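Sharing a structure here in structure tokens format.
Note that the chains take the letters A, B, C, D and E in the order they are written out, and that residue 1 is the start of every chain.
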Amino acid sequence: MRSEAHAHGVGAALSDRVREKTGVDVARCYQCGKCSAGCPLASEMDFPPSQVMHLLQLSAAFPELAEQALRSHTIWLCLTCEICYCRCPMELDIPAIMDALRHESLQQRKVNPRARDILAFHRAFLDSVKYTGRLFEMGQVVDYKLRSGHFLQDLLQAPWMFLVGKLHLLPERVRNRRQLARIFAKTLKARENRP
Amino acid sequence: MSALQEKARELLASAAVQVVIGYGRGSGGAARAVFIREATKAGDLVFDGTCLQNLAVYLMKPEVRKLGKAALVVRPATLRTILQLAAENQIAENSLLALVPSAEEIVLLATFAAIEAHVAALDSDLSTAEKAELQRFTALGLDERRRFWEEQFSRCLKCYACRAACPLCYCTRCTVECNQPQWIPVPAHDLGNLEWNVMRAMHLAGRCVNCGDCSRACPVGIPLYLLNQKLVSDVFTGFNSRSGISARSDNALSTFKPNDPEDFIR
Amino acid sequence: MARIGVFICHCGENISATVDVMKVAAEAAKIPGVAHSVEYKYMCSDPGQQLVKNAIREKGLTGVVVAACSPRMHEPTFRRACAEAGLNPFLCEMANIREHCSWVHEKGDATTDKAIDIVRTLVAKVKKNKALQPIKVPVTKVAMVIGGGIAGIQASLDIANAGHQVILVEKEPSIGGHMSQLSETFPTLDCSQCILTPRMVEVAQHLNITLFSYAELESLDGFIGNFKARIRKKARSLDEKLCTGCGLCTQKCPSRRIPSEFDAGLGLRPAIYVPFPQAVPNKPVIDREHCTYYRTGKCRLCEKVCPTQAIRFDQQDEIVEADVGAVVLATGFDIKHGDFFPEYGYGKYRDVIDGLQFERLASASGPTLGEIRRPSDGRVPETVVFVACAGSRDPAKGIEYCSKICCMYTAKHAMLYKHKVHHGKPYVFYMDIRAGGKMYEEFVRRAMEEDGVQYVRGRVSRIFERGGKLVVKGVDTLLAARPLEIEADLVVLATAGIAQPGAEELAQKLHVSYDAHKFYAEAHPKLRPVETNTAGIFLAGACQAPKDIPESVAQASGAAAKVAALFSQSELVREPLIAVVDRQAPPVYSSCVGCFLCQSACPYQAIEKEEIRGRDGQLLKTVAKVNPGLCQGCGTCVAFCRTKSIDIQGFSHEQVHAEVLALLNRGERDA
Amino acid sequence: MKTGFYPGCSMKGSAREYSESLLALAREIGRELPEVPDWNCCGATAAHNLDRDLALALPARILAAAEKAGMDEVLVPCAACYSRLKVTRHELLADDSLRQRISGLVEADYRGSAGVLNIIEWLGRVPDLEKLVKKPFQRKVACYYGCLLVRPAGVVKFDRPEDPQSMDLLMKKIGADPIDWAFKTECCGAGFSVSRTDLVARLSGQILDDAVSRGAEAVVVACPMCHLNLDLRRPNIEKRAGKKFHLPVIYITQAVGMALGLKPKQLGLQRHKVSPSALLAPASAKPPAGSKSASGDSPASAPLSGSSAGAPASTASKVN
Amino acid sequence: MPDFEPKIVAFVCNWCTYAGADLTGTSRMKYSPQVAIIRFPCTGRIDFMLLLKAFASGADGIIVSGCHPNDCHYSSGNFHARRRWIVFRGLLDFLGIDVRRVQFSWVSAAEGAKWAQLVNETAEHIRGLGPFTGYQRLRGLGVE
């Protein structure tokens, strides 16, 4: 397996790329598991956080492990609640690593199919912001339903929210929307390789 | 009467100090050091952009020390010299007052702690221009640098004006004066000149406060400041240490960190 | 004019096989100042040495160069030979033409030329050698041991049994240290007090040991063999000579609800107290902070009931001075307390305790008489979770090191718990099990196999209280890092072993170095583990790093052996290869300008300030001075000195300068 | 000192009552809260998941606008927005080249002069809050901080990350009795409100369960997202738990507002899914005892060996 | 310069590198005879002036070697030396003096093989650089 790693020739290992992007060196992780013990969603994850660290640690020697990390459900389940970072004895910024892995997973089109809904929500959210500058909750929910196919979900909530004055039918808008569009054009859009 | 003159007069009149060391006008209007010992002479003091000399050099002269407690008109580098001298056990707490001239009010620093606090608020780093010059010089080829210094040192007279002007060259016996063994050849030839200047730069490493007086004193105009600034820069980037910012800190070269860089060591 | 003798050894054929020794001898003879040059088959043999001796006497040699093997091999041999012939031994040098020449090069001119170079270099050096006298330092044969735990006790007894006087200084009212608090000890599970108390009594009764309990070191001056210690005897508020230790006062004291330090806060004690029944000395002390009389001015009940009128409310601290020749530091360790583990509720939940508290719970002399009961409600815990590495190996909490003892004592705790509560369920959360030591691994295996202790591999994230239980949120990284939850009745944290509070202050008083965690630094991590960098001060026990009882005792005996060796002669004789600061006639006195850069560079605190004063007492100059008792001769100071005022004997400026020039063929022109 | 106000998107919609109660409170204590001009969405909770530069640029644009408007600090009541703004400021001030790059993206020279303030800090500055209280809020409350007010500790530098106390202290000032509970800083499910309601139901359910079991009469929050999960998602939570939690969730500003005598309408209390009407009734003289903690800090717990021992006073007293 | 044999001076500490070089000898490993050793108690003792003196006296290359970090017989002499070398090296380079002619290294008492390798490689390296005429010329320009 080792020789394969060099044959691949994609340059730096995933752990190196993560370090480059986040400044976090996963070699520091000594697999105590405290992050997994405290993670609110560890039981839902295919790889609890400490195992993702281990996948990264071995990613230089075994490229297929890097692949597993990028295709994992875990990176999308991470809530960025920061509890792992807060308690990590080695002070590893795991949420930053998760962010970096999500970005790479997205760019390489390796998003875990089970994370479809979560990703759909993120995209609907940012779409809304892109067009109006502010989150338009109504619009976002409609967008999400279209993207996710969950048309019936929350159907009963909307009239109530509208009633208590929480749901607006028209979006609030930022005046300088062109500028915001430029920000999106130079960041997310420039990088994301949409199917 | 300027605020500086007034403050000097006051200090002398109240006998708070016995001498004020400051700048006066010499022949041709050039600034020169003056030693005011009577309140009535306080009017001789001047301070302007031509007053560059680091007057701390006089603190180390026995004949000046004999005059009694001194008030010293200081520039930023002078203050750092005072702290460096204090860190090297050369001047005692409460043996002097520092007068920081400014347009409105004269700041009077009586303790090392006060000087440290004042220096902490100043930028003790090399200036952008100084850094740029170092950068330019370092970017030259090895041979170009060698030729440059060979040419510069070939003019050195071994007159030791740099040493005399330097407030940190207070040693009563310089290495160059040791003859058992003779570390540095006496005549002013190329080898001896090189060795003399390397030796002086090394002895100032981690100590020099970059006041620039050595270069100003050199009668043949060797840019000695370049050597000093190179070492100031290396000591800061390598060891995160600066001279003349504390009256107590240890010298960068007499301390160490277990993880000092050693990429050049096999 | 120098008259140097050069003696070239063939070393059988070891040298002569590749080096033309005849030529070397011939060339050496040509070097100016060489009065005699010979070669011989075996220079280190008796006849060889005789050659040297005879030449010294007959030719009136002023220096000797033996060109042979490494000085690390035979320098002492030839220096002794020179001394026997009346030549100062420090006027003899060896030119290493075997290890550094004949053995590492092929036969040929280049090799012979190099041998000649080496000889010429050493001839140049020896011409600059000076006759030196060994340094003799008188030795006061009294040792001071600081700290009366097991390490201090062992060191004191060993030194005292070697026939030397010992002053033992203990800051608590009794000796015994942490070991006296322990229940049983791993890996044998023998009772800690049963093996310790006889040693404590031996200390009390030993004729060579003077015990200062409830005392602390105030200051230490001087150097190896010649220290002056000032010891503060804190006021016990008691005349120790009159007190019989009957204990009436402690029984009658009305202020009785003070958390007991000995019971790690789990039990209570009165304001006048003896820390524990087997205390040595068995004399009480008044805790003035909590005593009703000192707080309110009323009470004095202890004074009334004392049958010998020993209570002394007005007693002051007393300073005792002592001359000592050596010091053994045995101040031990502490464990991390406080709320540094908020995620574990340590300091918040009474049933989250530390290892020392568990020792007291398990100890037959403890607050529960050895029954395991949890502090909050006194119930016997059905489920106990032990958390290893609570603070150790945890850079986020400021401690990156392994505390070394926790794996073992945690296994012991779990075992003791199981032995006492048969139906109990002990769990141990661990990262690695470090059980290196005689019978240690076997001990841990026993905990798992015989006592059914459940080991869970992972760190605990959080502990919180819910419905009278402590919910422990952990993980097992061996089970795909799945989170686990255990509802425990009691949680025991193996908190990190740390340096004693005040360790830094004491180190500064003694001028010994310490690491970033305030543990005392040994002189060399491998070869001088019981010495400090300050000559005459030795280390024993956990003040150097966390360690267990056998290790502490072994180190204590090692330190005692070092002290005994030092005390074996009335004078300390050392090679004079040390630094010296130049001294000149007035008005210069010394070329030193007193910048003291050398002082911060010296690893041994051997550089002192010397004030030079005129006849009228006026201070003329402050210059550096090397304490010959402390200097080890590294020469680091020498390279710092801008005025070249410090020089090192045996490797002086003149010597090494001459060597460099001679090696490159230019020596004679410059000399 | 000019304090600006960044409402964030939720406060204009689903968290309207948070904004209403805050502004009512500000009026009551005489504070101006001018909005950051032409503010945009900060990107929470989606942007950082997909693109780092975007996640930094959106908050940077807000902060740059506040700076330009001469604001010395910005009050950010939403904990999620607070976290994004605080993290952005921290990262850009730590890395000058990054600061320059993001400045270029947002077409403004962001300097980092304006500080970022959370709601607890803002309320904590109200001088003599105790004296302004007209109707002491005598309720057992569970102060819920959530994740982002206190984490990452090195960035937010606010309170301690485990068992924080600042909100509890505020609640005490208005007469409330904050309970000692275990889920103060556990995650409610955050941005999964829509995409993974199942997970939100589980995580938020645990939080409510603990608060109820310890006798809380209300959960106090400082984040629209937490409120959404704990209040609006209550049907999902209860369905999953198979039981009802009769526990209203109110914003910290609503609790303070009630104590200061503001009207329920002013505070938007009618807009909650779980009606807080019980909180408007006069409080019972003594709150119910709740579950008794066995190893808590109660000083009268049973001693060892017949005498009341326990940890030394110093450690026990650190709790509150 | 096919016949050029460089002159190399090695400044070594007594406890590690000198002993390491002894081990090279007892192990009978061979190395280039162009290097000769001068013994010091510790690298901390080595004055930078001695390095200048060696070049001035005709050395084409210099080896300075001592104990590895944390192994110093005097616990910190090598650390002090290291700092001095960092500064000294920077200064020489700044002055246009080729620092490749000074090889610093840590050789322990157990590293006899490393010593042989170090000497051979340094000798080879200096041979490649040729005689240090740049510096030796200065001597010629003097009064001698």
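Definition applied: a contact is a pair of C-beta atoms (placed from the backbone, for glycine too) under 8 Å apart; a residue touches a chain by one contact, two chains touch by 3 or more.
Keep in mind the model is a prediction, meaning the values are calculated, not measured.
Both chain B and chain D are touched by C. Of all chains in the assembly, those touching chain D and also chain E are C.
Chain pair with the larger contact count among B-C and C-E is C-E, by C-beta pairs in contact. Centroid to centroid, with C-alpha atoms defining each point, chain B and chain E lie 34 Å apart. Centroids of chain A and chain D (each the mean of its C-alpha atoms) stand 24 Å apart.
A separation of 57 Å divides the Cα centre of chain A from that of chain B. If you average the Cα atoms of chain A and of chain C, the two centres end up 53 Å apart.
The residues of chain B that reach two or more other chains are 175, 183, 253-255, listed in rising order. Residue positions of chain C touching 2 or more other chains: 343, 601, 640, 653, 657. Multi-chain contact residues of chain E, defined as those touching 2 or more other chains: 48, 53, 70, 76, 80, 84. Going by the touch rule set out above, the chain pairs that meet are A-C, A-D, B-C, B-E, C-D, C-E. On the chain C side of its complex with chain E, the touching residues are 70-73, 96, 98-101, 103-106, 110-111, 113-114, 117-118, 121, 521, 523-525, 533, 577, 601, 603-604, 632-636, 638-640, 648, 650-651, 653, 656-657, 659-661, 663-666.
Listed in rising order, the residues of chain C touching chain A in the complex are 343, 389, 393-397, 431, 457-462, 473-477, 480-484.
By the touch criterion stated above, chain D contacts chain C in their complex at residues 160, 162-163, 182, 210, 213, 291-297, 301-305, 307-313, 315-316, 318-319. For chain A in complex with chain D, the residues that touch the partner chain are 21, 40-41, 44, 76-77, 79-83, 85-86, 93, 95, 99-100, 102-103, 106, 117-118, 120-123, 125-126, 128-129, 133-137, 141, 144, 148, 153-154, 157, 160-161, 164-168, 172, 174-176, 179-180, 182-184, 186-188, 191-192.
If you check the complex, the residues on chain A that touch chain C are 30-39, 42-43, 47-51, 83, 87-91.
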